[in-house]
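Look at the two complexes coming up: chain A is in both, with chain B in one and chain C in the other.
Let's turn to the complex of A and B:
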């Protein structure tokens, strides 16, 4: 299976530890992914808020480039990019904005098939052949550490577009955590929004939402939170150390990418990733 | 009933079956940011059905929306209110109408400016532009500085090779150059 890789802009800047740990896990299980050549930004919230052309066109150019390189599946670790890629595929499959699709096809010189299997990192890891390898390679079992699996919005909703997990009661990340020897906690904020793209424009709103999520994880005795989204990680991690965060005297909760925790369990050198966090991870690297 | 131009534009851009809405308010009850909105999600749908969309010009609702898609997921009638908010924002930008929350519109512009220039988002450029627009320099200083010190913010942008392919996609936003 030829697998393409779309890191997206965050994984090349604020989320380099996500990028590095994803690629390290892929390598550790002896698999290979290849970055799409000359990929562009998916447009994120700004794109679909500004114009319908950008909403479809920016993700679609990447999907077309991936098809041109002959990839059958595409690993997209960023939840926001993943959601927009899935949305673009959904729109094309339902015959929307055909003029725009035709324009892009003409520009890139191809006939678009809309066939690539777009995977988020959890889906990729849970592929039967991958999870079996991971289970065999575990060198540092997580010893029952209590973890809150945080899904946020864009991996889950809307279900008819992304089709990943139960949108109200997701459990796939918990299954993965159990395989690593961790104890996932039961908590109710796992699919609540962190405020995502409003991080710069309406920070007070993000502070309120993040506080609700972190408090809920702490109340359910979580020792750390894991996520598969760079926006969630940046908001949950960064907001806790900022001066405007409530409950300054409470214990801060580290927020790891799921790939970092897998890499740690596989015994990969995690110090470099952990050093990027604003709330230092309590695991001994 | 003859619908006004704005109602027609929203319908055309969002493609949502708003007439199915029976005002169960599930959307508004699940919305994590409803308390800050002048019109709640179910009220926005109601205004469209009653052809009172002029009330939505300059409303803060679309700009507060975090695109979390909880309303979309829970609507028993399959109405994507996020798509309606996107349509409203698109129309505000196209027709240069007064926006409900200027900081949010400014942020979208700062973000997309870097995508237009480089093909990829360039966070440092975007933050500088956004700070200059909003003139709020102290907000989030501690977090921003820490992220910078941790090497989480890239200094130089990366420009893609075929930048014109991305610029072409902006023709409806910026006009063709």
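Let's turn to the complex of A and C:
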């Protein structure tokens, strides 16, 4: 299976530890992914909030390039990129977008068949062959550490478009955590809003939302939170130590990318990824 | 012509339809997936108001009694085949015939039918599909049925919850993405209120909050429950709950809702989900074989003439047709059966009755639960038989051969209750022309359940001996024929219901007189030209009147009924018209007096009008740019507490009509709860899609209406909305019981309910019958209805009248009636006064009372009240009762 890789802007900047850990895990299980050549913005946030055409055109160009390179599946770790790609595929399949596609094909000199299987990192890891390899390669069992799996919104909704897990009661990350030897906690905030990009325009709102999520995880005895979205990670990790955080006296919870935790369990050098976190992960090397 | 019909689903509706078809001579196969008849009435005991006895009674409840009895008497007939635990595997339509294959537990059948009735009801929505409510994960989240079960077993009392939340519309009214149906399931608001009522009875201090979208308490019984809930401090909060969260560690449910514009997180000890209705997947498969898609069914509305028939030969009824409560289901059953019911040719007796002399005992071990074998031969040395199940054709067949082979003319049935089994036994004997009399001993409920295993034998022996003693004195059944019947039906009230009933009856060849007090027909709907539920009522009514005139019906305007005498089958009515008196004889009378409009505290102005004005002239609409509808102007207030049902549907129809014709006009609807129950929800959805604006006001807090500068200003309490300025405001008038009802009730000796509507014998399951024979109710006289419901009710009543006329004119093998011993009678009128069915009359000239055996219902009240013991109840004469008492008291032993 030829798998393409689309890092997007976050994984090349604020979330380099996500990028590094994903690629390290892929390597560790002896798989290979290849970054799409000449990829562009996925269309998220700035793109899709200004133009409906950009919101489709940008991801479609990436998908066309991926098809040109002959990828059958595409690993997209960033939840926002994943969501945009899935939406573009859905619109092409159901939304009468023949004109737009024809236009793009003409301008780019490419053809498009809308057939690549777009995967987020959880889906990728949960592929039977991958999870089996991971189970066998575990070097640092997690010893029942209590982990809160945080999904956010982009991985789950709209459900009819992304089709990944039950949007109201997701459980796939928990399955993964159990395979790693961790104990996922039962908690209620796993699909609550993290505040998203309101972090810049309304920070006080995001502090409140993050507080709700982290408090709920902590009250359910979680020792750390895992996520698969750069924006969620940034908000949950970063807004906990905000100066007006209402719960300053409480112990802060580290927020890891799911790939970092897998990498840690596989005995990969996780410490350099952890160094980028504002709340230092308490996992011992 | 006799035809054969397949009825799918033996719930309340299926049983009723099967019975009506069978009584009319058709062959009926009733196929039921479960192992018992009665459907939801049976399994979900307190689902409907009225069957409240079910609450604490454990195993027995009237639903069970009623439907077992109906099923047994159906199965006793050879024209009927009832298959439980069975499925239709193939159904194919070819040239109006339906070719089917049926898989039953013992045998598979191939059979051709002339028509199919779909009456499978619904299955409850599985709340696990709505994962946000954590059902199946969180132990504090239950369905209503589970709560009920905890209450019955006493579990809940051991660990009483302090706070309970009810979430409505789980799986219903979902028009977005995710699981759930777009329609309203109709009965869940009522159902939750019943659960709350039950909960409050057991645990009065529990705090209860109900989260709802609209409280659709449209039936008159529901209003009582609502008032009671309010008295019990139940809070009703209009809020859609998007998810249930859990309190850390305890996992108790937390509900987030809007409270005065702010979010509030509230912790509860229990959350109860009101499941909606869904179609069973098996039924969907069957429909697909007939090329009917689920959407086609969901959108199926029928024509006003034929609301139940989707294609020739395929009928839908009950909550399968449209989610509805028990009362409406029974009406729907009758209306759906109506096309196949005909006035039978008078079949006076040519039947020869076999009178056998032997006595026998029929034991039933009730599916192995009663140790009847230990009684065999211990009481009397008589031929006996043991069956194991009364709901089994083969077992009933054994009873049939037992009677014939042993020439049994008197038999004791020793098993369960008389109510369940007696009609079936009598039916069975009648079909074989055996003049047998039966006594029933309830070994189950009066023996085994009461005294337990150890004492069972001794008690059962005594009961059995008593019944045998009683049996010696009961009289042989006789073939009775009613003479002197007229076949005219008089309908009082020439509104929509009366006219529709008249149309239906004249179609079947019954001659009809319609008596209307006013000087025109059509009642309050007569001038409505804007389509209401797809009907131009003005034209519709004119057409019916014309049809009735052509069919020779006697239509009397300006006429009023002043006196009633006679008995069922032969009523003499005196009608006053322009000061003159007119005598009319009638076999049956239909009371269709409708309702009167109630305008609340409102007055009309040039810009504030009522619905009736709006519907009568389409011009009004074109003259204004903005129009508003104020719902419940004349109902759900201090003057008229109950919902009038028709007004929300009317406003929705009118608003949609305006918006479709003039999309640029602003349309507002101010409402308490939009009563778009069942499939009416689609109207509500359409209205919203069209951009009609809905503004909620709280019950009893009508928005203030001001007249400013030629405009109407409606002051709303909504902080998102400025006051609304309108050119025209339409007030929704309500419906109150007709003032005539009191007079009619007295004349015809029927009851009124607490609101002043005519009272049926049972609000939920009677299907439009009064306890009294020969007098019927149709339309809104019984309670408020929408136009389609009025038409359905009229058609159902026409069916009831036809069934009654057929019973009247045909000979019957009667044993269950009272007889007057003329020599002893002093014509004191006691029986005339006490009879709840007004059957006894004093014969002119003879000065003795006469009880018509066909009309007599056999209740025995007259026999016990007669001061001179001049009345004998034939199946239970005094000597028999005394003989039984002697045995039971141990005398002579």
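Here is the rule we use: the second predicted complex is superposed on the first by the 282 of 285 C-alpha atoms of A that agree within 3 Å, B and C clash if a C-alpha of one lies under 4 Å from a C-alpha of the other, contacts with A are read in each partner's own complex, and residues count from 1 in each chain.
We adopt the following convention: a contact is a pair of C-beta atoms (placed from the backbone, for glycine too) under 8 Å apart; a residue touches a chain by one contact, two chains touch by 3 or more.
What you are looking at is a predicted structure, and each value in this text was computed from that prediction instead of being measured.
J.: Just to be sure I read the superposition right, which of the two partners does A:130 touch: chain B = first, chain C = second, or both, or neither?
T.: Once the two structures are laid over each other on A, A:130 reaches no partner at all.
J.: Report for A:183: first if it touches chain B alone, second if chain C alone, otherwise both or neither.
T.: Neither: A:183 stays clear of chain B and chain C.
J.: Considering only touches as defined above, state whether A:169 meets chain B (first), chain C (second), both or neither.
T.: A:169: touches chain C, not chain B.
J.: Looking at chain A, which partner touches more of its residues: chain C or chain B?
T.: Counting residues of chain A touched by each partner, the higher count goes to B.
J.: If we overlay the two complexes on their shared chain A, which of chain B and chain C does A:220 touch? Say first, second, both or neither.
T.: A:220 sits against chain C, while chain B stays out of touch.
J.: Is A:13 touching the first partner chain B, the second partner chain C, both, or neither of them?
T.: first
J.: I'd like to know which partner A:159 touches here: chain B for first, chain C for second, both or neither.
T.: Both chain B and chain C are touched by A:159.
J.: Which parts of chain A are in contact with chain B and also with chain C?
T.: Residues 158-159, 167-168 of chain A touch both chain B and chain C.
J.: Given the complex with chain A, which residues does chain B contribute to the contact?
T.: Residues 13, 15, 32-33, 36, 64, 66-70, 72-73, 80, 85-87, 89-90, 93-94, 101, 103-104, 106-109, 111-112, 115, 119-123, 127, 130, 139-140, 142-143, 146-147, 150-154, 158, 160-162, 165-166, 168-173.
J.: Please name which positions on chain A make contact with chain C in the complex.
T.: Residue positions touching the partner: 158-160, 166-169, 186-189, 216, 219-221.
J.: Flag every residue of chain C that touches chain A in the complex, lowest number first.
T.: Touching chain A from chain C are residues 130-132, 134, 137, 177-178, 243, 245-246, 248-249, 251, 254.
J.: Across the complex, what residues on chain A touch chain B?
T.: Listed in rising order, the residues of chain A that touch chain B are 9-10, 12-16, 38-41, 43-55, 57-58, 61, 96, 103, 107-108, 153-154, 156-159, 167-168, 192-193, 195-198, 200-203, 205, 209, 234, 238-239, 241-243, 275-278.
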